[in-house]
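One chain, chain A, appears in both complexes that follow, with chain B as partner in the first and chain C in the second.
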Partner chain A sequence: MNRDHKPFIRVNHLKKYFPVAKNWRGKNSQYLKAVDDVSFSIDEGETLGLVGESGCGKSTTGRLLLHLLPPTSGSLFFGGQELTRLSKHELWQKRREMQLIFQDPYAALNPRMTIQASLHEPLKAYGEDKRTRDATIKKLIDAVGISSQYLNRYPHEFSGGQLQRIGIARSLALKPKFVVADEPVAALDMSIQAQILNLMKELQQEFNYTYLFISHDLSVIDYMSDRIGVMYLGKMVELTDRDALYQEPLHPYTQALLSAIPIAEPQRSKNKIMLKGEIPSPVHPPSGCHFRTRCPFAKAICAEKEPEWVEMKKGHYVACHVVQEAHQ
Partner chain B sequence: MLKVWNRYRHNLLAVSGLVFILLLIVIAIFARQIAPHNPYTMSTAARLTGPSSSHWFGTDQFGRDILSRIIYGSRISLQVGVIAVGFSFIVGTIMGIIAGYNGGWVDSLISRITDVLFALPDILLALVIMAILGPSLNNLMLAIGIVYTPIFSRIARGAVLNIRDSLYIEAAYSMGVKKIKILWHHILPNILSPLIVQVTLSFAFAILSEAALSFLGLGVSPDTPSWGIMLSSAKDWMELSWWTAVFPGIAITLAVFSFNSVGDGLRDALDPRTGTGN
Partner chain C sequence: MNDDLLLDVRHLKAYFRSKQRTVKAVDDLSFTLKKGEILGLVGESGCGKSTTTKALLRLIGNQKNEYLEGEAFFEGEDLIKKSDKQMQTIRGNKIGFIAQNPMSSLNPVFTIGNQIAEVPQMHQRASKNKAWAIALKMLQKVGISDHESRAKQFSHQFSGGMKQRAVIAMALAGNPSLLIADEPTTALDVTIQAQILDLMVKLRDETHAGVLLITHDLGVVAEVCDRVAVMYAGKIVEQAPVDELFHHPQHPYTKGLLASVPKIGSRKKLIPISGHPPNLYEMQGGCLFQERCPFAFDRCKKTEPPLHKIAEHHHSACHLSSERMNSF
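Showing the complex of A and B:
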């Protein structure tokens, strides 16, 4: 995909801290730093993959981008507009253009509403008349391959794959420009995963959607993304083109992640990098570099200073002391 | 709506309950035409006579026809049940939804009010309200309504808290659905089940509360035919004349049972996940 480098989404120093404890005066004293100083941009029509272990802040980042959660600090540009400065009504108008696809499509649909009612709902909310709504929905469910005779059924009468296709249809009903897909295939069978991913790609080609694709599955991310960001404990540690990431990962964490991908060649020997220990608590992250406690290359400086977010090569960002020293 | 009825239709108990309630409504409306005797006419000669062909359910200590009094009594019982419970259901549910959905100081305020109401015994609270408002049927229904409001408020609040953070609420919000629509289309239908069960239970308690308050002289006047009054005045005579207590008791039991089975049927019919639905 050729990119014209027109950032559609821009995020600068985005932070989201959740208060987890209060002191005796009722003031927040401890925070869970779910997203801690993250900056990146997404071009129009591009898919940015976001990968990391569970609890690393991927989903929170996605929800911050849609302004479903207000950020603690940082700025957030959507098509040139700063979302955090919009009034309630302006934000509501902008919501049309940005949508979320959920991991669990069953939980995302009201169990007491027919699929028909659920599909109509977002269009109704923006005041579309019945004829337009019917036409839009007819086109959408054709596109995702659901028969219109099922429209009167309830969510519990569908399979997971069908529900996710309905979920996608619903998220796209408003013709958004930007779609956050939060682990859209994690809850589905392998065979259905491919179906959903291909559907999302086809729709993207047809309607030029900009995707933020969140997953912990490296092969899914590889398949979907143009560029990939790797997150660890609320920080982005590496961000680059897909090919660059898979061919020459720079950050030790990315290297460890990639070495964990199973290869369908039992003869071939692999150097699997085993990480020691558990992911630390995001309430008490390690000093300096968050990854240093599990990093095989950790040095003294890693505990003292937070690594800076540096563009090592064109479009290849890394936050790591070791890598940055080696390249000097 | 049609789907709900289709699911309801298959529940025999619920349908019989509904039929009985409709019958009760007809009886209440046409009490004058149906009742064989005047419910107020006393007769010293016919005091406490057992069931017979002229008095099917016997007579009470003043010689009044019990069947006729039960027929007229359905008016008051239905009125008290429907209006008092309807009041507490509507007011309590709105309070509970507002408290649960908004949280913060609004929640604290509403929850403290319900706590205060809960702290007082039901009858005592109703007595206080009746003492302030004065005895009359309308005030009686209002008092009973106020007494049961905190129950609905608390149930609704708990149910809202349970589903407020559901994914489908977030999904609706992220698709630009306005707050009031989310409350009406997503929250209300999903908290209705426990509330409906409570409505049917409260109906029974409301009929009994009416009896208790009337007995204490704060409800309707003692000569008015009401199932509650009949039952409470029968307690002095039932060792000698069982019919004075049994027939009003059966009337209350049947009405309460019908409302309960209608409530159960409604709860199941409103949930698309139960039953066939086709």
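Showing the complex of A and C:
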């Protein structure tokens, strides 16, 4: 792809710990490490896909990037500015440039507001006058493929796919630069999914949005992303171009995840890597490498030391002792 | 009659009535299931997949506003004509049921072992000790490690995948010849889904039970099913062996579904099906798919296409495919 590599979002050693228990003095003694030392960047106009199973920290990462949650530690650059250092007012102004597309379109819109009113809200908040608001909304609703004569209707009058289109229109009303899409098609039917995915791609080409696309579905992630990060128990275990990820996945977890997805093609012979057991509790993750309890290649060192985040090839990052040893 | 035939559903209809209108959730459905076969019932939400299972189990049809018609021969006997009392001896005994959400199919105040032991106690009049022994055996069979102490635990001590295993154990405890699984893996993560699907295929091979698998995931279908029936708006629109359906789909809806699901490794643009599924209470005459069908012509508006045989074991309800057959 022909893109100049200008990192728009840059995240260094981002951590988010949620306190889950207090000791007798009332101090936090136990933490759930939802996001634990994650570093990556997203270029302008690029889509970074985040994939992982439930509880791996992908949604928390999305929320941290929008600064909806303050990180426990680490730095977060948004278009060259450190978000964590901004004052409240500066952050409020920056918020215009970042938006979120939600998973459940039914819950994302107020059932007692017409969609027109819902679409006006973000523009009102940033002080646009009525005439510009009307013009913007008309353009937006057209762009997402909803007829403008439906503007006076209420959410219950629309189908799930239509509501998701309206939700997307509202997220894009303020002309953001960066959009976090948190499982935007998980609640939709198969035939509608494709409509929304194509719409998001078209809008990106037109307005050069930078996307962080979160999903548990590897085939959806594959379709949408330029680069893909795989997360497991709060850690990123692999990050690379989508082609490299699917053709030569290095981390054992990525390999297992890829082989576990049911593919809509019978007869395709697959050597399935069946992972044993289930994801351990994130409050008490295994020592060393978090994945070692389910890893078919685990060695003694995996229990002792946490694997480092190493660039194995250009742009291909992996955190795994076994892979790193094999390459030395 | 064919000895291998386990379930023979003919012209099954399930309607829900209200004062103003009638919803034809399942309309004139016919299919068969052989012993040891896995039949996939695929479709989008609201197409009547779950209503079909509920009708077969006679969980609907007893209320005033519910209307049930047709025949469903299970081991030679018509389920629709059975009384409530007779059904109670069949449900959970000869027909096992696995629901979508394992969290809500287990009782939180009884131990897992107790709930499984209830099945042989009820249906085989087994003694408490014998029933407990069966429960332990079942838990071991579905791959729960340390099953003896696990049987004494409650559902909140089980993880999602283990709960689903326990539900499967419960469904199999009566040694059923028919297993109905309604989206058994939808609530689970992919790596766990792979384990559960693997387990279901293994158990089918062991017990030689027929499985009716309801799902919306074409990947799951391709992976485990022998035969597939595609449902749309309460009707089966296409029915074929799994390879045939994926490689030579005939009905435009099946074709559309296959083209709108992203496939890993393929960068082809998704072609969504335009529009959205019809309201089941505002049905017009003719083919139900005509509004979304790119090939619709006048005949589709006038007459409804019957399920046509287009090849050995391959049926499609489309005027086009029947016409193509006639021209040969």
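We take it that the second predicted complex is superposed on the first by the 325 of 328 C-alpha atoms of A that agree within 3 Å, B and C clash if a C-alpha of one lies under 4 Å from a C-alpha of the other, contacts with A are read in each partner's own complex, and residues count from 1 in each chain.
Heads up, the rule we're going with is that contacts are C-beta pairs under 8 Å (C-beta built on N, C-alpha and C of every residue); 3 or more make two chains touch, one makes a residue touch a chain.
Just so it is clear, the structure is predicted and the values come from calculations on it, not from any experiment.
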{"item": "Combined model on chain A: chain C and chain B, fit or clash", "value": "fit"}
{"item": "Chain B versus chain C as contact partner of A:H156, first or second or both or neither", "value": "first"}
{"item": "Contact breadth on chain A, by residue count: chain C or chain B", "value": "C"}
{"item": "Touched partner set for A:A256, first chain B, second chain C, both or neither", "value": "second"}
{"item": "Partner chain(s) touched by A:D129 [first = chain B, second = chain C, both, neither]", "value": "neither"}
{"item": "Chain B versus chain C as contact partner of A:L275, first or second or both or neither", "value": "second"}
{"item": "Chain A-centred angle between chain C and chain B, computed on Cα centres after superposition, in steps of 10 °", "value": "80"}
{"item": "Which of chain B and chain C A:D189 touches, first, second, both or neither", "value": "second"}
{"item": "Partner chain(s) touched by A:L197 [first = chain B, second = chain C, both, neither]", "value": "second"}
{"item": "Partner chain in contact with A:E206 - chain B first, chain C second, else both or neither", "value": "neither"}
{"item": "Overlay on chain A, chain C to chain B nearest C-alpha distance, Å", "value": "14"}
{"item": "Intersection of the chain A residues that touch chain B with those that touch chain C", "value": "none"}
{"item": "In the complex with chain B, residue positions of chain A that touch it", "value": "66, 68, 92, 95-96, 99-100, 102, 104, 107-113, 121-122, 125-126, 154, 156, 170-171, 173-174"}
{"item": "Touch list for chain B against partner chain A, complex", "value": "166-168, 170-178, 181, 185-186, 189-190, 270-273, 277"}
{"item": "List of chain C residues in touch with chain A within their complex", "value": "44-45, 159-162, 189-195, 197-198, 216-223, 242-243, 246, 256-265, 269-274, 276-277"}
{"item": "Residue ranges of chain A in contact with chain C within the complex", "value": "53-54, 159, 161-162, 189-195, 197-198, 216, 218-220, 222-223, 246, 256-268, 272, 274-275, 278-279"}
